[in-house]
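In this document, chain identifiers A, B, C, D, E and F correspond to the written order of the chains, with residue numbering beginning at 1 in each.
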Amino acid sequence: MTKKITAVAFEYIQDKTGALPLLRSMSEIIGNLSMLIAAEYLCHPKFGNGTMLGGFPGVAPIEVVIIGSGNVAEYAARAALGMGCLVKVFDNSMYKLRILQNNVGQRLFTSALQPNLIGEALKTADVVIAAKHVQEGITPCFISEEMVKTMKSGAVIIDVSIDQGGCFETIKVTSHRDPVYQCHGVTHYAVPNMASRVPPRTASVSFSNFFMPLLLQIGECGGLENLLRTNRSLAKGVYIYNGKLTNQDVSRMYGIPFSHLELLMAAFY
Amino acid sequence: MTKKITAVAFEYIQDKTGALPLLRSMSEIIGNLSMLIAAEYLCHPKFGNGTMLGGFPGVAPIEVVIIGSGNVAEYAARAALGMGCLVKVFDNSMYKLRILQNNVGQRLFTSALQPNLIGEALKTADVVIAAKHVQEGITPCFISEEMVKTMKSGAVIIDVSIDQGGCFETIKVTSHRDPVYQCHGVTHYAVPNMASRVPPRTASVSFSNFFMPLLLQIGECGGLENLLRTNRSLAKGVYIYNGKLTNQDVSRMYGIPFSHLELLMAAFY
Amino acid sequence: MTKKITAVAFEYIQDKTGALPLLRSMSEIIGNLSMLIAAEYLCHPKFGNGTMLGGFPGVAPIEVVIIGSGNVAEYAARAALGMGCLVKVFDNSMYKLRILQNNVGQRLFTSALQPNLIGEALKTADVVIAAKHVQEGITPCFISEEMVKTMKSGAVIIDVSIDQGGCFETIKVTSHRDPVYQCHGVTHYAVPNMASRVPPRTASVSFSNFFMPLLLQIGECGGLENLLRTNRSLAKGVYIYNGKLTNQDVSRMYGIPFSHLELLMAAFY
Amino acid sequence: MTKKITAVAFEYIQDKTGALPLLRSMSEIIGNLSMLIAAEYLCHPKFGNGTMLGGFPGVAPIEVVIIGSGNVAEYAARAALGMGCLVKVFDNSMYKLRILQNNVGQRLFTSALQPNLIGEALKTADVVIAAKHVQEGITPCFISEEMVKTMKSGAVIIDVSIDQGGCFETIKVTSHRDPVYQCHGVTHYAVPNMASRVPPRTASVSFSNFFMPLLLQIGECGGLENLLRTNRSLAKGVYIYNGKLTNQDVSRMYGIPFSHLELLMAAFY
Amino acid sequence: MTKKITAVAFEYIQDKTGALPLLRSMSEIIGNLSMLIAAEYLCHPKFGNGTMLGGFPGVAPIEVVIIGSGNVAEYAARAALGMGCLVKVFDNSMYKLRILQNNVGQRLFTSALQPNLIGEALKTADVVIAAKHVQEGITPCFISEEMVKTMKSGAVIIDVSIDQGGCFETIKVTSHRDPVYQCHGVTHYAVPNMASRVPPRTASVSFSNFFMPLLLQIGECGGLENLLRTNRSLAKGVYIYNGKLTNQDVSRMYGIPFSHLELLMAAFY
Amino acid sequence: MTKKITAVAFEYIQDKTGALPLLRSMSEIIGNLSMLIAAEYLCHPKFGNGTMLGGFPGVAPIEVVIIGSGNVAEYAARAALGMGCLVKVFDNSMYKLRILQNNVGQRLFTSALQPNLIGEALKTADVVIAAKHVQEGITPCFISEEMVKTMKSGAVIIDVSIDQGGCFETIKVTSHRDPVYQCHGVTHYAVPNMASRVPPRTASVSFSNFFMPLLLQIGECGGLENLLRTNRSLAKGVYIYNGKLTNQDVSRMYGIPFSHLELLMAAFY
């Protein structure tokens, strides 16, 4: 701020539909990654139940329960279905479940996220992916310790929601060094910021897909300042403008005074 | 026999691959029919559990367990999947399960037909289609009364195998007039010869698909006798030849002396 | 109103996109149901033409004409395609036909809803599902008696639009007790409020999917009044607020004075 | 023959299943080609009806009738379905129709090849592909002139069976120079040996796929003679062995004496 | 304008979502058409490389590179995939690539449109469809002459973007009379206004799908003037209102004074 | 042999079609496993190129080259396609490539296994799965060191054929303890007997699917001896009969005298 820079937080940049495009791409990659991690632990001699992720003629498929129906959920479901798993998706938004089903291109098991319904599914699940974006001020979907106790020994939980506190009563934050632990015979994986495990080349392609057109536009417009005036998507990501903090959340969190971006931008003319 | 006729039983006619083509077509139709009957009883105020066959976004799909993996099973599975049900197919032939999966064009839940595996699936099933061709002298797949007791109230069993004794300990033959009964809260449908319920127009198209080319060949060959010499498929279906019984099973059942078709045909020249 | 209640009509509640989420879920179920009813009458000894809904190798598939391209149409099409029928969808919104095709995940016969085009399709149709939402003040899609006369004997019409007057010149309202009649050899099914035939358990799951999150939010917000201030979707469904009528349509229909919800809500503070 | 060569006719070489592998590959390419030719004439200002092969939201799809269900038919169907056409396949072998449907991976309109059924379909067809292998001594599938008269003006017939006489009463052999003519307003394409129009590079890849492994095996075995002793597939294609004719059909056609390959091969040791 | 007419440009009419519905339908048809033209030149003895558009078992598929991800791109991709080609789609909008993939119902090769990535793909491409809508003031996607030099001999470029200047450094406008030329061994097709080649019947169905409901609404409303007041979609297309020019672009281009439609419409009351 | 046992080698048991059913099931599991191992090394900080197995909108998919078209290849292809990879399958049997494509239910890149064709594909491959069953006495498909040099740095080779010597000039046997090494920047995985890494539970289900029905049949027949007389599949697996060696390969390898099973079995009566 003392250097009077203008800073843009990429994770706040919104597209025309109000979605967060960069997070969306990262979520797709994380969804796929979560199934690969689940596969790894499922057949792990110590942490898994000795099964192979997938389904084969005559060998009942691995059951995958997915909590949430956003991008992580969609790409976790795609990977699991692609290997022949039985997938069950739980969420309370019928609207999002409908879109997930249409995107995946296959009718699949979807259900409202009620305790008795999810509880029934957990009993036979081999893998649980928790990928529910928990909105502020809303009681999270909460899988109780009692429910975890009913799960099969060697089942694997991947809690992608751990950044927001997680979806399980039994969950504790883990680290890349020691990523899993067992509780009631169930393996828990809860490394925060899973995106940091995304392979570097895939991540950088995804990022440059996003930044390259922005950088070209900045060049064509004659600088970031000019682009900010016309590109509302980009403006949503600005949190410091010429050294003034413009993001309310950061202001609240660190007690730094806050200015309205629109007013600042108007003032500079 | 006194009229010295030559009679052909269509259900014994085999194609080049040893399969029974007419039964195959009828089986496809019966497979589809069995799911329509299941749908009818599932939402029946008295016999069903008040659910709609299918699956909808947010409404967990109806679970359909299919025992067997032949043509009836394939077309029952196709209809059920087409309406969004969760389908589980059990059989002991990995070879047939593999073909069913490939024909259906979708990876699905298949499993060996072991008591503990099928028992687990029955607990959550809404519909059970038993479509296992029971071979002579082999102990049938047998769903015990204990297993039926674990099923959900209002679940529906359609036992297409009833002609061969059925697959359930609790099954009793029913009739078109009184097609179902309840036992341990589970609705049992076991009308023998389900093919007779196949709608007449669909059945007759299926039959004429089969007979028309045969009749044309008989005409071109100068009569049935001539065609029988070259068409081994047709010859497999002959059970009376010029008034002599040529089918071993019928011979055994009614105590009528039996002649070899080949010898009889040779003798006529 | 004398009890000063606040009443919410669930069928008026809108989601963020302006759609009616509860009607959407019910429509999906009705779409599936309409095909099951069609299947039932198609093979009915008295009312049908003796055919089985579906398509089998060598047996030309049942032709299903669907008028409309909303949710009822989509799920009727899914069920029909799933059983192997030949499906033709007619509507005047290319936009909605495009979405239906993408959702169904298969390229299918879609066409503008012009009299000569639909007339041609009716001649070979076995089943017609009319699922067109007729907007007020617009001349409805009207299948004339002449067109019905050209249809095949034993064909089945399911008029889901009957609540709004129906799409056929030959249609008359029927009842669950006597659901069908024949006219020019064509079976007509026109029971109003088909949703009431939806199996109770499936319907109640669908309803509770919708109400449960609302009830939880009401609890968290400290009452319906509070939630109404932030949840615009819910507010759309309010038709009585503290005993005052707030719905224009009901006001007009019963001649009861009408108040603006926003004004009333402001006044209460 | 005077040069004492050994000659192999590639079109007679059979694989283990008795099929003709080279013809199979060429048939797949011809099936695809036939749809591209149909597309070309369908929108031809003089010969077509001014339509685009395919189907689009709101524009009723082009109807393609395919007679036969072998490899040509399968790949014609795949191309047509891929562009959104409505495809109807007619054949008298339920067995082959079933396989075609499973290979194509989509339930489609299949029907027995009866005059009244095909006649009905021709009335609305835009494209007809005749791809029926006519077996010797069997009355061919015959589309009468009366049926062609009922077809739409500007419809296109591609008769791939023309090498064997064709399937239409109105068909006459055409040439690459003058490939089509109109009869009753219907465009007829009947250039014999369609494989010669297959693009050279695609054809040569297809051929070398077939010959390369054979040539390598000949090299490894120490010459053609040796390979013929172990490779029954290849031996099926031999029609001259060390200058002696070994093919019965050629013998009959040209009146050249015929020797048994097996006896000749034995004699050479 | 002297006749005081009111004129509507159909290509400016917008639907509720801001999309241009008529252009959308035409784009779908052009997308399909572009693949048929590519197929024609690919196997052309003079202009192609002697290959058949498609892919067959054992014959590596034709590679199709599509630049852009709108409706032209989607339907070009559908046709190419339907015939078995390997399709690679390049665009800088991840959002549009995602939708294209979901609509097509199959995971496919999509990539950001960066010079090095597209350059790599061009080396092995047989067909390139440029279908990128170039926005005003933005540097177009530009395939340099150097990149074209690396392409395979006999490859085919169809530049649907030619109306906006095209996407290739080597492109020159061609005509229906002389539609292609070769440059560096690559065949270039760049006939502007490809929609004029769309077969007349298909185009007219597409147009009447669009105009028929509008004409009916005009009739019901008591004239165009009335409909314009309520139908914002239609109003977007008006460029002359009672003889006054109302379109800014035309005003700028021809130097004719411009009036606001809203003001004019208000003035008439 | 001194104990006069009768021994059956399960890997020699054949089904009616001459296939090896147990190996088939194991191959399906290994095919899936090989992709999971590839995924693991692809994103390995030391051995991979930092990419995620799969394909995402805008991120060009991982290219997977599969050599062979049997069961391992099919299930490797299914897993790779399911995660969105670009898959290229090479084999010299068009027949097997055709079946693989039909089973997978999607048209994909297949090609003859010629050095120049595979060489081209290796240049852009991220993952290579060699799953070609090398027949005795046939020169194996051989990827030369030169070809490996052209591959991308960090690409991963999984040589499932290592038990038979492998398909690469650069391959050396590795072990579960030290499973990979790098050569020319390419990671090589060549642990023999990959089946031993199959997770124990999945493997044991697969085995018991196979043995359970056999054991039941042995029980019903009154012992193995009796079953061997009627079950030709099982007899194929016998290599010691009452202490006599009956397998030619083992006889040759260890120099133990060999007896014909049929003669031995006849002698025991």
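To be clear about the criterion, contacts are C-beta pairs under 8 Å (C-beta built on N, C-alpha and C of every residue); 3 or more make two chains touch, one makes a residue touch a chain.
Bear in mind the structure is a predicted one, so any value in this text is a computation, not a measurement.
Asker: Please report the smallest number of touch steps linking chain C to chain F.
Answerer: 2
Asker: So which chains count as neighbours of both chain B and chain C?
Answerer: In this structure, the chains that contact chain C and also chain B are A, D.
Asker: For the two copies chain F and chain D, is the contact made of the same residues on each side, with over half of the numbers shared, or of different residues?
Answerer: Both copies, chain D as well as chain F, present different residues to each other, with under half of the numbers appearing on both sides.
Asker: Would you mind checking which chain's C-alpha centre is most distant from the centre of chain E?
Answerer: Here the answer is chain B, farthest from chain E.
Asker: Nearest whole angstrom, what separates the Cα centre of chain A from the Cα centre of chain D?
Answerer: For chain A versus chain D, the centre distance works out to 53 Å.
Asker: Could you please state the distance in Å, as a whole number, between where the Cα atoms of chain B are centred and where those of chain F are centred?
Answerer: 36
Asker: Counting only residues that touch at least two other chains, what does the list for chain D look like?
Answerer: Counting only residues that touch two or more other chains, chain D contributes 25, 57-60, 78, 81, 84, 94, 102, 105-107, 112, 205, 209.
Asker: Run through the chains and report each pair that touches.
Answerer: A-B, A-C, A-E, A-F, B-C, B-D, B-F, C-D, C-E, D-E, D-F, E-F
Asker: Once bound in the complex, which stretches of chain C touch chain D?
Answerer: 55, 57-61, 81, 84, 86, 88, 91, 94, 97-98, 101, 106-112, 117, 120, 124
Asker: Quick one: which bits of chain B touch chain F in the complex? Just the residue numbers, please.
Answerer: 92, 94-95, 102, 105-107, 112, 114, 137-139
Asker: Under the stated contact criterion, what part of chain A meets chain E in this complex?
Answerer: 15, 17, 21, 24-25, 78, 102-103, 105, 205, 208-210, 212-213, 216, 220
Asker: What does chain B use to touch chain C in their complex?
Answerer: Spelled out, the residues of chain B in touch with chain C are 25, 28-29, 32-33, 36, 39-40, 42-43, 48-54, 56-60, 75, 78-79, 81-84, 198-202, 205-206, 209.
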